[in-house]
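Each of the next two complexes has subunit A plus one more chain, namely subunit B in the first and subunit C in the second.
Coming up: the complex of A and B.
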């Protein structure tokens, strides 16, 4: 069974979600839980660090789509960082770079929030 | 030989008994007085046979009643009382019987009377026999049979007296031995231990009454009265037998009395053990009968109170460190929840084995709110070493749970854990079945939506291939004859799987089908589709699509791509991935969608191959979770580009299945190939 891990940490006012392994229809609910927790805590500034993510399916992509609107309505956003090329290609094909901000490094994304 | 005798005595017990009785009866009517020794001996033999056959018949009859020993005891008691009354009344009416005549009716009466006695004695004796064998672990039949032999010897020893009235010592000797054996056999009364407490009290009273009653009978039969004389005249053996059985009864019931008396203090403990065992048995039955998790939970808590004599019980299930109250018995949900929380605190506490928690120690500050207890037993529900929940038994009484009760709650919890696990598994398998049915429906929808043939024309060869995944994906492709020259086509992929994806797919088909008749520009069409989907698509769902129009008159291909995999164009020995900008349908409903969407126009050349496909191909995985990728796909197309279109798709599928042979197909695979033939 493909494994998936998600970890949440706070960097200043921004929440960083580390995703690891395989994000698909079976593991997406775990990520949804994390986002729900953030909404409960009124944390709307989110950076997702893809450093250790190996694969993402359409269901995994759906998670970000489901929450980005709420984040943006509350002066927050979901930004992506440290994406591997194969994962980025999936996002790219779908046209995500037009709608979301992608960064090579997590720090860049954090900076973007503070600016 | 022995078997033959056995079958003769057992299978025809009643017939034998009746036959011998009639012979004996007639014999005694013909010879009312046994003057000669021969007649006496013959008579004794007949009497003995009557005893024997009656005994073997009644034995069969009684063995069906051994489940209620008290009934057996009572029956024996009633017969003893009957004998007592007959003897007493006979004494009063007939006096001592010294002036006895020997008329026909007189002898008829006495013979009938003797038969009553014989019947009663055999019945009582058989009852003792059943009680003797009741609840015996080892086979004690040797002891009993020895006693039977001495009974028979005592019976026949009277014959010596016929020859010489001083020869009474063999009879007395046998008599004494028989009584000793009776005493020995009387102590086998372990069945008393298994009686419920109430029945023990009952038995105590009966035993003392019966012991006295048998004692009186013994004295009466042995005394100098009419019945004794009558029996003696009829057959000395009968008299001896009655005498012995009365002694047996007297001794036996005296022993029963004392044994019961000594068993009384442990009666309650025994009852409780019996309740535990029967609760466990109930639960074992439930495991195989109840599949409903909730119902099972309720039964478990109800039985828990019975098992350990507690006032209340409740059950919690644990899943990923989340504790959930499943069912309660004799306690409110709120109270049970409160106590559970105060025992487990934050939820990190784990009890590996049963623990007794003192109520005061956990509830010092919230006293006097709701129900209160003194001690609570907490037993983990473990299956395969994993704790799936806890069983609570709470007690309001002063005395704590003792070692025995702890053990029984623990054993009970083990059973309960297995039962609950079973119920859960069954629930899951039902859910799985439901999902499989759902999958069938989804597959059905998909099959009906996809076109069953490809458009055929001279200039444009078309091949389409669709391989569904186990979990239905949301792939969709279609062709639309726009007019004589133009052919519209769509290849789309709905995000998500299963029945929801299949429904969105059906909707997408409807949208494309109707819009294709109105809008002849791929870009405009996709913008419209996105607009329509806004109202029906869930936030986290999206659809990727390629829409294209080929003009078969001049070979001009117009395509627009909304987030879908790139279109592959194979021209001569060159491969090109055409990826005009465009984001997936449903990702953005603002102007961003239309502003980013571009349309591509290609003038096809002879033998150009255009390939549209779903992400099921490049994202197919092997056992190392590696992607099939685009390079392999390009290579296969390149190597097979001269072949028929169907052969090209076969080659792709073959490579694909080789690549992911140890990996189940994850997503639907769609492959639509066009080849432009200009010169034909």
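Coming up: the complex of A and C.
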């Protein structure tokens, strides 16, 4: 069984989603649930911390594509931080760096929201 | 299973049959990981092969079987002369790969479309990707990676 965990925490006005383990077609709905919860709460500023994410497939990437526009329409965004090289390479193959901001550290992504 | 581990001209075949459920994706990845590592690919290339097979099987579960859990996914791996071949066969709805356009991320983003990325990734990650219909009720995708690449 693929292990995947998702945790949501608030840092000031920003919601930080920690993703851990394996994000695939089986586990992507858990991440969608978190994004749906954020929309319900009208929380549109999101940082996803990938520090403990080991694996991602296009089903996981699709979740970010499905929600980013709504976040941006509401003066928010989805920013990424702490991504391992093997995971970043998949985002890169699909051209994500043109459309999303990636940061080495979570604090840098948080600062970008306050600037 | 034939095995000849003492030379670079290693030969083997392995098979896995699973039902079309997304919780089997982890099992499929483990199976592919062990075979690709045994074949002598680097960790980086093993990772690419695992993802390509995950994408192929995810497409079968979603599109060929439309999330029905009773379908069969049959995976056969063959290593011969440095050619690592993964054949994945299903008995679901026929799929015409020529009708899937290459994705344009910016367009996808504007249209909120989230599918179609799997096939694109498979082509990027593998040396060859071939689709066929070996019999009337079967579809097959063959993924190939060469040890020298």
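Here is the rule we use: the second predicted complex is superposed on the first by the 115 of 115 C-alpha atoms of A that agree within 3 Å, B and C clash if a C-alpha of one lies under 4 Å from a C-alpha of the other, contacts with A are read in each partner's own complex, and residues count from 1 in each chain.
Throughout what follows, a residue touches a chain if its C-beta (ideal position, glycine included) is under 8 Å from a C-beta of that chain, and two chains touch if they have at least 3 such contacts.
All values derive from a computational prediction rather than experimental measurement.
By the touch criterion stated above, A:94 is placed in contact with subunit B and with subunit C alike.
In the superposition on chain A, contact of A:103 is made with neither subunit B nor subunit C. In the superposition on chain A, contact is made by A:22 with both subunit B and subunit C.
When the shared chain is aligned, subunit B and subunit C each come close enough to touch A:66. When the two structures are aligned on the shared chain, A:54 is found in touch with subunit B, with no touch to subunit C. Contacts of A:44 after superposition: neither subunit B nor subunit C is touched. 2, 22, 25, 55, 58-59, 61-63, 65-66, 69, 86, 90, 93-96, 98-99 are the residues of subunit A that lie in the contact sets of both subunit B and subunit C, per the superposition on chain A.
Of all the residues in subunit B, the ones that touch subunit A in their complex are 493, 495-497, 538-542, 544, 562-566, 579, 581-584, 587-588, 592, 596, 615, 619, 625, 627.
Put simply, subunit A touches subunit B in their complex at residues 2, 22, 25, 54-55, 58-59, 61-63, 65-66, 69, 86, 90, 93-96, 98-99.
Chain contact summary for the complex, subunit A toward subunit C: residues 1-2, 22, 24-26, 55, 57-59, 61-63, 65-66, 68-69, 86, 90, 93-96, 98-99.
In the complex of the two chains, the subunit C residues touching subunit A come out as 22-23, 25-26, 29, 44, 47, 51, 54-55, 58, 61-62, 103, 105-106, 108-110, 112-115, 117-118, 120-121, 124-125.
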